[in-house]
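For reference, the structure is listed below as structure tokens.
Chain naming follows the written order as A, B, C, D, E and F, and within any one chain the residues start at number 1.
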């Protein structure tokens, strides 16, 4: 698994041209407005069935894209009176929110932790509980090319909107402090984090790990491993839809979202990543609107990135920015950056 | 690629128990009745754009499942006055009807040839033009587990019904003889052929090659290669849905359709097939209701089966049963078996 | 990944002959006695550096084989006055105890959780902090053949003894209830659990998942994937050491330990496991001395087994046997089985 | 399957130095003259056994290299009185002319279509019926290194000459218009097309798809997949024959044939082709002697190239240059470019 | 690499039916007589260029099949006055006799060692110097299907005859004792050894290692790895030549040669051999006509078998049967068995 | 297996910066001095059990690192009175000295040949007989990361010292000429040769083939295949030990040893080597202190390099420098370069 992408010094300065559609902001504003308007219910939480007792876990349903019900787990320390800072996490490609209690670190570190299900996914690992009630035209197996003929039909329009709508819903969770929300996630979860951070002003910190879904042109040309290759396969069959496909993708490109992010940002990247090439991560990172930003580089890691090391790095970084409320002693809350 | 399944002599007698739901016939009768009722338009044919001139090719749209538009190619000899016998073909997994003119053999042999698009597919090879406007719950990439939680939502309910509805539409094609319809197809196309032959009394001959989609229990336990493995993967994640999944599949099992087929049948099987195990083919074949049946065994072939050899075999077999109408001389039409 | 081992009904009754050396008990009694005698220090705990705050994590050092220092993480609910039941966990092949806070479920469910480092390992994933200060004769890369020429030199003699010595040390942990100890672990961790449960009468429940290290004869002949294949490779080179090698292994065979276990036991197995064949798991399971035993069968899973589903199963099973002490309400402690 | 070759803009200008032996033209003139002189019989056609009736198929035998009998299929529209333009097609590596009726598009588009068997091949797919009655010195399995020690013994000397001799024979086919001959083929068939177009002045158009057999130096150094790797393997064993081997290959290099082609040319290339690197295709294409030339670039395809899309492209391009004679209406014949 | 063939106890008794053509002996008698008659020259030896000095190496050319020149290396101790016992060795698939001096063990053990080149081979490893001046009909890449349509044209007819003719030539080598000849070789070399021992009464001992080329029916059905799979591939294309192919192979089946061997025989087999299945080795071994026979079983080895361990075993076994003449002291020659 | 490294012309001039620790010489001087002081016994030779008779083989034990016993084979021509020049050979990764008699070429060419066992190895191929009685901290399976946390504990400190100590011992072998010692070996054996030639002034010629263990920074970043990837894996887990790891490796880097070599040197390299990248070989070669040096380049070979071709090249090169003493005639000894 050797280095197959650009050298690190080049990556640090990598600023490729990336097409941005003129109606990018309008497209998203309209998308989100429509989904907000479509919501018929609010967020619903009920205690999850689990042997976990030291932390409280709720099974959450909230209105996502088009008002459609989307599931999440809410995991929190027990018995805190004050509103807690919130970490919203999105999961990687193919997985779902899985079982309650699989991810306990953020709650154990003193946050209200929301883990959003990814609609339609969860059949590859982890398990999911949220349908995606939208069909598609001819598509390659997987989620990358569903509805790709039109940006309005594209799968990730629904997923990113679900994420934005979950941020919207935080204010309705008792004990959650909607003024201190961070988003995070690895791979696809990182890609969703970036989109949501750009589209939700309420997000106060963004921590994408080895984020997927940026700089599609390069990704499709140079990535050896799935799932970007779903698009390559699609274009190898639909030879007449190349430009239309990249036009659709330009509405969903992480590198078009990052200039719209101004919250503090902590990225990570594995230089030996064959699933999400480092150049696609830096293409997004180098365009961030955030003044407070850093990227953790793992030179000998692939798509696993920094794993628990990165989580520790995030937890420290976030505490300085959002301030965790520990269970025993109370710590002073850091001012927003 | 050695033999990995049962020995041929065992396969010839292989008759495993296969669960059949009590309401199997009701389920399908209702499904088809509803789709027939939902049709708002008839079949529509218009000349396809193609450099092919010696044969006529039409781009066909017909109302499929739920009345939804489904595409096909109709390829015919030019300038025949009499109604032609009809071969309806379904395509393999991942592919679509592709370009007009890719499959000319049946028309060149004197048949009206209908090649049905498979809804949603065509993103892996060939290209497709028929959307599947139905979403799904958590599913494994691919089509095998879409909507698998309920037989009414299962993807193949829509596909099989599309096939039945195409048979329904043959009578509206000028120059096509609706009393002489055969169905055929390889792999998934063979699986669809079997279902359609069981569900459409108008089908007078069925020729499935290396047919997919039979004896799911064994397929899921013993098949090394995709796409049956999509179900294995799904069950490895959704550990609590095993029996529900097989219950859904029992409505779609080729081995539950074959006892309902009484038309002449010509199957084929490759004994080294690692994608569709021979035992799953024989499980369906050995239960056929047809008195006139045979199976071509290719002992050293995998999933490619007999290829052109099998087509020649089919063309001869079918001429004896449906009678091709050759371009120059007119041949006596064989009586229906 | 189809089924490659015996059918489930055969596995349920699978009782192969497995050689047991006459001095098996003496070998282990002497081994443990020597290591107990060699200990120069007691267990040492100090708070680990971690952002986790809702649970308490200690960095533990205890005297293992030959009195050599071995590391572990101790994770506990905060602020409980009463002694807690204890879960001792061993990790899978190649991994180490990793970072503090990676496994929080047991502590979050109300147990004192000890996660033992595996000496010398941790270079493949997770990271480890315990040296194995013993060299070896000609060995195949990996740990499976280190010192295999003599049972006294064999690598797992040291590892299993480390596990026994950790059980010995539980009594010295304040707040841990040494009369309520369970052992668990997946794969290699399951194999260690079995050995430790057989060698430590203090163990009151044993929960091995997809346990490795049983029925070496079959494993070496029939397992397609690493790490049992390290032994196959070794024997392919050291063609004159076949019987000596299996003699050494007979002192470490899970199927020779299980008859010596009388505590309640909950096993798990994946029927599509190509790393630990189900027949080797059942060979050990079917010989258990425990009256209270069960095995969770995952028919469509490989070596990942039941994952979080199995943990939930274990947590419920264990609560009935050891009784978790929840953080809020106090539950009645179940009597030992 | 990412891009592994040069970027497209570089490929468009790629003009590497390629050795051309001084006696290149003499070598081929002598080779062809000898084979013409050796012919003892003319072309022989007899109706093929096939269920195809709308088109006429003949089994053809003609004198090839050294007068040795070579087989082909001739497929034509039925019942045209006028001489038809002719498409001669060569097949890909490992295949033979296969069964009559496998390739009907050209005939269905109004051409007399000749599909030449490749001597000795047809054992990997398709089947062949032409022996290659020449042995060889030490060679790597496959056809690429047979007789490579001397250009006179090299396998492709015989194959290319067979192609030239088939062009010679067209004049003897009743109803075929020898003044309107095009050559085509994919991969190896493209490589043969190039050689034949350079060696036969009667060829009026050349349409090689993803053509194999050009720029051997680069191909051998940089191609990851078979069959160029047969030469790499050969040179890894015969370390003392490197220069002699490339000297032999210089007589067969497509890039040495293209400057000798002046007929209109339509090439194609897949930029993700790992079997025939795009740089080897452009090395040949960029040196074409033809004023009327174009290359269809498939950016996301591998060695499959454009498939049916490219055939449609070819059929339109060729109609403008050779003029197809459609079955119903007669079209004006385009003048040669 | 687990066991994939029958258990050892079954193999020991494995005696499948194997077709033997009625004219088997006549076919071979005629073949050899013709080649003897065709020889125009005798054996020719000249000193090889090599840095080896302690042993003498000659470059040998002898008349093989059809009198065609075949190469070998002759390696001998220097300065022995008495005629030496002779070991004739044949090499494995794809290789040639390679460089002088690569195999020194037999000469260093006191034998005159002849290493025969395999005509046409040597392009995969080792290098060869003997052409096979015979072409073939449609064949799969490799040597296994060349000329397979007729036993008289089959590639191994020429190779086996070369071997017999080398035994014929031993009497003309000064210092070689033609009354003490053994044959040996691994894999294909073992297969040639078996044929030659059956066809040459002068062979006094036969030592095939993991011998290839026996029990073709089973080999073709059950072998996962090349080169038996060349035949499987051929039959997957040439679906109409299955029985003709096996008829040809029956003239070359090791299991038809072994009943004709009466000299002492030492075989070897690797039970994990995926290239030459143990059942094909035992099929040949169990039918040996030899009273003095044994087989060395390597239970954990694949196709590499016993390597140097087996050579030591052979050298000891052969010394008891042929008697090596050591360089210093003279040992008593063992009587022929 | 295409070229994946730099072009040859770049390699010829490749001179990367490579860190050298300030105490490099002191580290090694101390290491060797300690091991010399620790030796309690001298070299011990006894005749090996082997069927080889024309050459004499001894089983050698000598005091290596820390005085620990290390094994070797000594193979010599029989019956030479004069002291022989000596070739000391080290073996490749994973192997041991194997059986006596496996490598006869050097002895057959007139040298006393010592083949050193590699401590702890021999479990992957060949077999070994020398323990490495030193444990290690958390390490990746294999030998590359054992003790890598500290240069004093690193595995290759012991191995290189064993090699130096074998050179020390040559003077005590009767009939060996300690003034004419060459070192050689392939891959790891080449890496050891380089280190030993730099550390032992008694070495008069060095012939490393495709030498491993140079320019670790590049090797770890760019090598696709094992065993350099063991370090990559280690650093992917131990993310906090990157600089410490490369610091340790700088004491063992072939490119830090070659400037300290002044004896004549013959290297080899395969340009398609994916195990030892050519750039790492040239990084070491281009820094050689030797005036008399050359490198044999195999452009189409991988890690197998030149095999017997390279040995012939070495034997001729060495004869000009050390002078082999042939068995029959005596040749004049070439002066040291």
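Just so it is clear, a residue touches a chain if its C-beta (ideal position, glycine included) is under 8 Å from a C-beta of that chain, and two chains touch if they have at least 3 such contacts.
The structure displayed is predicted, hence computed values, not measured ones.
Student: How short can a path of touching chains from chain A to chain D be, counted in steps?
Tutor: The least step count works out to 1.
Student: To reach chain F from chain A by way of touching chains, what is the minimum number of steps?
Tutor: Each step joins two touching chains, and the minimum needed here is 1.
Student: Could you see whether A-B or D-F has the larger number of C-beta contact pairs?
Tutor: Ranking A-B and D-F by C-beta contacts puts A-B first.
Student: Check the residue numbers that chain B and chain C use where they touch, and answer same if over half are used by both copies, otherwise different.
Tutor: Both copies touch with mostly different residues.
Student: Rounded to a whole Å, what is the gap between the Cα centroids of chain B and chain F?
Tutor: 64
Student: Can you compute the centre-to-centre distance for chain E and chain F, using the mean CA position of each chain? Integer Å is fine.
Tutor: Chain centres of chain E and chain F, defined by C-alpha means, are spaced 37 Å apart.
Student: Determine the centre-to-centre distance between chain C and chain F, using the mean Cα coordinates as centres, and give it in whole Å.
Tutor: Result: the chain centres lie 41 Å from each other.
Student: Residue numbers in chain C touching 2 or more other chains?
Tutor: Answer for chain C, listing residues that touch two or more other chains: 309.
Student: Could you list each pair of chains that touch one another?
Tutor: A-B, A-C, A-D, A-F, B-C, B-D, B-E, C-E, C-F, D-E, D-F, E-F
Student: Residues of chain A touching chain D in their complex?
Tutor: It comes out as residues 220-224, 229, 232, 235-236, 239-240, 242.
Student: Which residues of chain D touch chain E in their complex?
Tutor: It comes out as residues 94, 96, 120-143, 145, 233-234, 237-238.
Student: Write out the stretch or stretches of chain F touching chain E in their complex.
Tutor: Spelled out, the residues of chain F in touch with chain E are 50-55, 77-79, 98-99, 101-102, 104-105, 107-110, 308-309, 312, 315-316, 319, 324, 326-328.
Student: Would you tell me which residues of chain E are touching chain C in their complex?
Tutor: Contacts found on chain E: 1-3, 272, 298-302, 304, 306, 309.
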